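Here chain A shows up in two complexes: once beside chain B, once beside chain C.
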Partner chain A sequence: RYVRQLQRLQLLFSPTAADARGARQFVEEAAQDFARQHPDVVLYVSPHKGPGPAPVLRAEYLNGTVREELIASKTSEEIVQLATKMANQSGLDIIRIRKPFHTDNPSIQGQWHPLTNKPSILTVQGPRLQPQ
Partner chain B sequence: VEADQAAPEKEERSEPSLICPPPRSRSYFPPEDLQSCLESHVREVFGPSLPEDWQQTPLQENRLKHRLLARLAAELGHAVPNSQLHQMRRAGDVLGFYRTPVKDGSKIDELAAADLPPNLKIIWQQ
Partner chain C sequence: VAKTSLTSPPWPEVKLPDPVEEAKYHAEVVQKVNGLIAAGQYGRLFAVVHFASKQWKITSEDLIMMDNVLEAECGDRIRMEKVLLVGADDFTLIGRPLLGKDLVRVEATVIEKTESWPKVNMRFWRRHNYQRKKIIANPQTVLRINTIEIYPCLS
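Entry: the complex of A and B
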């Protein structure tokens, strides 16, 4: 069974700052839809009064990673896309994966790809274009 | 005698409280008998000189206009702002203005009070 790795999303913004306009529109329009589509993520909306730090979307994952993304001067749709992207990620760090092994001949009989051992007409007609 | 009179005067004059009073709420909801109330006020202020449809009475004379708007503001507790006075040219305009409700809180207050899905929490004091 699939367990979503995103635990909670915190939306920190100021109710009066100009660059938090997208964040405010997101809260007014799209936050409820997002919360309904992702029922296993808790969304905290915390506006802080007065001039404060830049508006930020903080994501906390099950392995403890906390990732902050600036949402200053972003539109509501962009914030929705960003939130869905963070909801589909795991909490692993986003760095280059280095492995302690290396080969000069990675494949002898040819590397497998999804069209090996399938009829060759699929390269032309594509997957299941005709309804059965 | 003068000293006795001065002392009770000072005690009656209480000190001004240092706590700032909360601002007046600007919310307004139109009452149900708005139209009849407005019509009665218009007839009161304008007297006999009314066209057939009372909503078409022109508010050209400034005194009568002021009288009407002041009475309505006193009764309903909601005054026409200065920036919209020039738009009130007929009694129908005034009726339209008093029909629009005015909400007080910000959108976040409304959202916090409305029904939310269980995983959406709004942390907002005020």
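Entry: the complex of A and C
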């Protein structure tokens, strides 16, 4: 019953750039292992020729959010860690969340209001009516 | 001895009932609750669970976020022990302080493991030319509680 929230991982790098060395090593060595360990994630590797934009690992999630992270001048182990981290995330944007819990049915036995656990008006006796 | 304002405590004196009658009443209540559980006549169950050094009040299908890293992968089912309280619409089972493991079963799944939003940790001393800035992103885990079940084995 668990659905991974990552749709696809796109690895954009250029084979000639010097800062994409980690990306190239990752593609040579670890990309296959990563793809086998996460069988429900699609990994696209798209090298673009020539001095283009910086090497980027782009993750798309099921709710449409796209997250890009630079992988320039990173070793291949770091890229593996980054990729697993993004694979474990969901597509919600990372802002401050106010509550660490979320329920759809917060009260089961009835929500407390100031009149619970108090005797009803008909049987309340005033403080002066009781004989001392 | 004269009666002053401090001879008796200010709260009203409560008379405890007879222990034998009390034991019979207890047994009857336990039997009724057992019968209810066995018949399955409860609606939603809620539980108070001690997890990650915090106590949570959880029902089924709700989300909980921890500020730590669990050793389970995404999609693993986890069984939570350390259940303090279980309740339904008509009855509650209170543990002292824990309930038995053969009585309650709380199952949860790890949904995602992300990092928190980047928090700024800055230290500054005035007139000393000292400031350090660090950005911290804690790892977080999100769990979804799947089921809470109780079994009729009270005593």
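Going forward, the second predicted complex is superposed on the first by the 97 of 132 C-alpha atoms of A that agree within 3 Å, B and C clash if a C-alpha of one lies under 4 Å from a C-alpha of the other, contacts with A are read in each partner's own complex, and residues count from 1 in each chain.
Just so we're on the same page, a residue touches a chain if its C-beta (ideal position, glycine included) is under 8 Å from a C-beta of that chain, and two chains touch if they have at least 3 such contacts.
Because the structure is a prediction, the values reported are computed rather than measured.
Once chain A of one complex is fitted onto chain A of the other, the partner contacts of A:4 are limited to chain C, with no touch recorded for chain B.
Within the superposed three-chain model, A:112 lies out of touch with both chain B and chain C [touch as defined at top].
Once chain A of one complex is fitted onto chain A of the other, the partner contacts of A:28 are limited to chain B, with no touch recorded for chain C.
Contact with chain C, but none with chain B, is seen for A:104 once the two complexes are overlaid on the shared chain. Contacts of A:96 after superposition on the shared chain: chain C is touched, whereas chain B is not. By the touch criterion stated above, A:85 is placed in contact with chain C alone, chain B being left untouched. Under the contact criterion defined above, no residue of chain A touches both chain B in one complex and chain C in the other.
Those residues of chain B that touch chain A in the complex are listed here as 106-108, 111, 116-124. On the chain A side of its complex with chain C, the touching residues are 1-2, 4-5, 85, 87-90, 94-97, 100-105, 108-109.
Interface residues of chain A, counted against chain B in their complex, comprise 15, 24, 27-28, 31-32, 35-36, 38-47.
Looking at the complex, you find that chain C touches chain A at residues 43-46, 56, 58-59, 61-67, 74-75, 87-89, 109, 111-118, 142, 146.
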